[in-house]
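The structure under discussion appears below in the form of structure tokens.
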Amino acid sequence: MSRDALMAMAAAREIRDGDVAFIGTGLPMVAAYLAKATHAPEVTLVFESGIIDPAPLELATGVGEYRLAFGATSIRGTRAALTLLQQGKVDIGFLGTAEIDAYGNLNTTAIGEYHHPDVRLPGSGGANDIASMARRSVVIARTGRRRFVETLHYLTTPGHLTGPGARKDAGLPGDGPVRVITDMGVLGFSPETQRMRAERLFPGVTLEALQEGIGFALDPPEEVTTIAPPDAGTLALLRRIDPAGTYVALED
Amino acid sequence: MSRDALMAMAAAREIRDGDVAFIGTGLPMVAAYLAKATHAPEVTLVFESGIIDPAPLELATGVGEYRLAFGATSIRGTRAALTLLQQGKVDIGFLGTAEIDAYGNLNTTAIGEYHHPDVRLPGSGGANDIASMARRSVVIARTGRRRFVETLHYLTTPGHLTGPGARKDAGLPGDGPVRVITDMGVLGFSPETQRMRAERLFPGVTLEALQEGIGFALDPPEEVTTIAPPDAGTLALLRRIDPAGTYVALED
Amino acid sequence: MADKRVSLDEALALVPDGATLTAGGFAHSHQPMGFFRALIAEGRSDLSLMGVAECWVAEWLAAAGMLRKAWFSNFMFEGFGRCRRFSEGIENGTIAAEDHSHFGMIMRLVAGAERLPFMPMLSQGGTDIALLGGFEQPEDKIRVIDSPFGDGQRVTVTSPLVPDVAVIHAARADRLGNVQLGGASAVIEEQAAAARTVIVTVEKIVETDEIRRTPEATLLSALTVDAVVHLPFGAWPTGVYGYHDPDMDFLSNYYAASRDAGACSDWVDRHLRAPADHWAWLDAAGMARLLALRTDPVLGYRPAEVPA
Amino acid sequence: MADKRVSLDEALALVPDGATLTAGGFAHSHQPMGFFRALIAEGRSDLSLMGVAECWVAEWLAAAGMLRKAWFSNFMFEGFGRCRRFSEGIENGTIAAEDHSHFGMIMRLVAGAERLPFMPMLSQGGTDIALLGGFEQPEDKIRVIDSPFGDGQRVTVTSPLVPDVAVIHAARADRLGNVQLGGASAVIEEQAAAARTVIVTVEKIVETDEIRRTPEATLLSALTVDAVVHLPFGAWPTGVYGYHDPDMDFLSNYYAASRDAGACSDWVDRHLRAPADHWAWLDAAGMARLLALRTDPVLGYRPAEVPA
């Protein structure tokens, strides 16, 4: 069974038909095309490079790649793409991260003290904008106690900040993260605390094993279900979307 | 002798070579093409419709006319054209008006009380934007005591507002009007008061006759000269630019 | 993206009594007159306009007695003169006006489109546009504030406007609502972005694959458009760049009628209310008249006619 | 408009020691590497960058020891990983960093371009981007304020940035500086609008009449451009949409060298500093390599090669 395939399936499931989805390179791009090929044929994909609704003949390895531009219905600049977020026209965005805390806040800037970091990371890019302004966002992050941390070294991208009311005080219009998709299962957020809690587990994963890979205490779950493994049709689609397994390996 | 030709000449003279000039329909368009054909070959014309630097084969009768779009080096929308003003990239703009006061403030909105006007006029359009943000502006207005008034019925477009310092307090970046070109001569503004004063008279016009056509007391002039009538070459150019005499009649 | 093609009647139903509208085009170009002709024939009451330069829309709605108020920056007929029914509506108090500069109107629409409580800008300050309200309180519309960064700069800020419906006429769109248009695009992008519902009427509906050939030319992306109506000559008697010139004779005929309220009312009944549908409206104009307006594809306009 | 064509050397002279720069392009596209290769060969000190996504410019300036600080939103190598010399410069304190989101950087450039003391926006609030300064005081960069219209909305405002020089690589321009470029245009318009001096390097200089054929495609108008340099393959080893793909092998070769400071320094000396001029730089790459990068005019990219 492939964890990558389960993650791609879980990510695809977050996309509703008719959504406008802000997509980056990698697993989210595979997930978006999986959604489009299955339950969400009318999803519109937007990329921060300014490419809208492309029809690429093969999987692109970057949002700036020319093969991604092929067949777009609109190509503008980065400001135009990000302005769609500010206009409230983007339903869902996907984010990756180096660190994530219990509120879904992300760090992609620095490990260590910001001014003299141990490891300088690339910085926000469009992530802060997506997480601030898309109606909802989804984080994709493999578990690990150095990734899922109690305290971020730097808060690059807002999740629920310090909890209820904090996003509004900070002027952020979007609802923030609704799911965190890991290699062990899918997490959500308790409505009362806006802290993370388990929702769905991958086959063979226990709640205890999941908690083990998380560096903070998860909120008590409401209900936890187990996700069914991908069927042959889904696997075939994933193979067609990402033939080389660049982002989604079909074998662990 | 043609007053129109003198006005067009005087307006053309306000354009410096290399200027970016924001131009409307009518006499300013003729003046701009006269300047381009004589001392300012490198002037760039910008129109509020979003047309930049066109090469029309014949005189357009409107900034939205398709014959004006011919040969443009750039065509965008109105926001893009007006944003050039806000970026400080426009050197000079031309304005017409129904009323003008001693500070060069203009009314193109209403005659009578604003909420229940005797005559409702078209409104600002781009005029306020040009007068607020171009480096300098030039007003073209035939004399008359109902046009040159002590008190406007409505202040649509800023001249020097209430005098020194007022534009800065109102957040306006441009220097405001530098000349008012009338059918009797050219007016400027006293540096101390920023009120209007005579600068140059058309042939045969006296200072007294000019003041007679103005409904407020002009500031004392520094020096008043008389403008030489257009030579045959200028008249021939005007005839070529506006063959039908639509905006510039060559006979009074 | 779903198929957004609807009939003209279905699109008209998106505009209820009391709606706040904005319409594309400026001068004698790109105004969605076919749509508004039909709306006038159907009849609506208490409409408002958040307009920039859609002078013909404003004027005909005023002439039909359907316009109650207007936020706007400039309505006039380039080459003719004032919009008489609109202007007299303000003069006699039947239409309420709120004045702006063009950039001021655009910035209010941009603020509305981008969910911003205000936009900063460098014009309008110090004038009656900022100081004297029409039907708004001036302090709800424009303020001049000190920069919050304490640098001493004074800057005008203006509040957002969100129209209920934007109506745009364009050259072509696909069924999803990807819209392309040649020539100067006026304020179409900002109007469509700001409105809650966007209706686009087009000369031609093309396959999405045709749009994909020139993605840089897409003015409105499908994700900002709600309804697409196939309405050839839908801007007539105003023009469409690359298709046809404005019909200056027809416009002039209206302008002459508009100088008298009674004559104008007759004109509206006869020309706007009488046609049974869009085709009857075009048929009344006649083939010879409409075809004569076609622009030269090289010049982009209709050159002067060769004398017979 | 005057003729703005200058030689590469003349354009380089517009960038003094201590200059603040911004450069076009993003990911592996449209970055003005030919210009910066030559600038590195000439040598400059204490440069700053106001950047958005010009990762290769940032990295090579860092690798050459010429970069002192950067306002920016994201520098990384799509498909490879971190910009090592740039990142290690921050880690070891030789480069000072001020972080933003992409939209935050763009809004600061827009404010700078439009003479506004600030721009309002809806992202960045509540995060360390807003709360923790790099080399700026946070309150000079971003504040969250209440709307001046008293509607209770909280909104982020950000202060302007004005680079001394913008360097852009594009497909073509005329001698006056009207610039056209296919594909996604990244942040080129905002960068050029904000900078005091704008240098454009192009694949091809065309007649102004050629620009006039497609005025809608003009990305930068001549009135925003100060210098035009004819510099074919001036983005190489990054790509130019419609001309050539990025040279992933060459970029990868650099990326491998960059993982070690010493190896990287050798690489910079050999590849960037040694060539006598732009042609020597391209000749070192060789004709076969450069021609193999050409994109298919129908697809817009270079399809996978057919195995021999």
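Here the chain labels run A, B, C and D in written order, and each chain numbers its own residues starting at 1.
Here, a contact is a pair of C-beta atoms (placed from the backbone, for glycine too) under 8 Å apart; a residue touches a chain by one contact, two chains touch by 3 or more.
Note that this is a predicted model, so its numbers are computed, not measured.
Undergrad: Between chain B and chain D, which partner chains are common?
TA: Expected: C.
Undergrad: Does A-C or A-D have more contacting C-beta pairs?
TA: Answer to which pair has more contacts is A-D.
Undergrad: Starting from the Cα centroid of chain B, hunt down the chain whose centroid lies farthest away.
TA: Farthest from chain B by mean C-alpha position: A.
Undergrad: At what distance in angstrom does the C-alpha mean of chain C lie from that of chain A?
TA: 40
Undergrad: How many angstrom between the C-alpha centroids of chain B and chain A?
TA: 56
Undergrad: Using mean CA coordinates as chain centres, what's the chain A-chain D distance in Å?
TA: Here chain A and chain D have centroids separated by 28 Å.
Undergrad: Find every residue in chain A that makes contact with two or more other chains and list them.
TA: Counting only residues that touch two or more other chains, chain A contributes 69, 75-76, 86, 173.
Undergrad: Counting only residues that touch at least 2 other chains, which ones in chain D make the list?
TA: In chain D, 114-116, 121-122, 153, 155, 216 touch at least two other chains.
Undergrad: Any two chains that touch count here, so list every such pair.
TA: Pairs satisfying the touch definition: A-C, A-D, B-C, B-D, C-D.
Undergrad: Mind pulling up the chain C residues that touch chain D in the complex?
TA: 114-122, 139-140, 143, 145, 147-149, 151, 153, 155, 157, 159, 182, 216-217
Undergrad: Residues of chain D touching chain B in their complex?
TA: Contact set of chain D toward chain B: 1-2, 113-116, 174, 176, 178, 193, 208-209, 211-212, 215-216, 218, 221-224.
Undergrad: Enumerate the contact residues on chain B facing chain C in the complex.
TA: Per the touch definition, chain B meets chain C at residues 25, 48-51, 57, 61-67, 69-70, 75-79, 82, 85-86, 105, 109-110, 114-129, 131-133, 154-158, 161, 166-173.
Undergrad: Note which residues of chain A are touching chain C in the complex, please.
TA: Interface residues on the chain A side: 18, 20, 42, 44, 46, 52-53, 55, 69, 71-76, 83-84, 86-89, 173.
Undergrad: Which bits of chain D are touching chain A when the two form their complex?
TA: 26-29, 52-53, 72-76, 78-79, 82-83, 86-88, 90-91, 93, 97, 99-104, 106, 110, 121-132, 134, 144, 153-156, 183-190, 239, 241, 245, 295, 299-301
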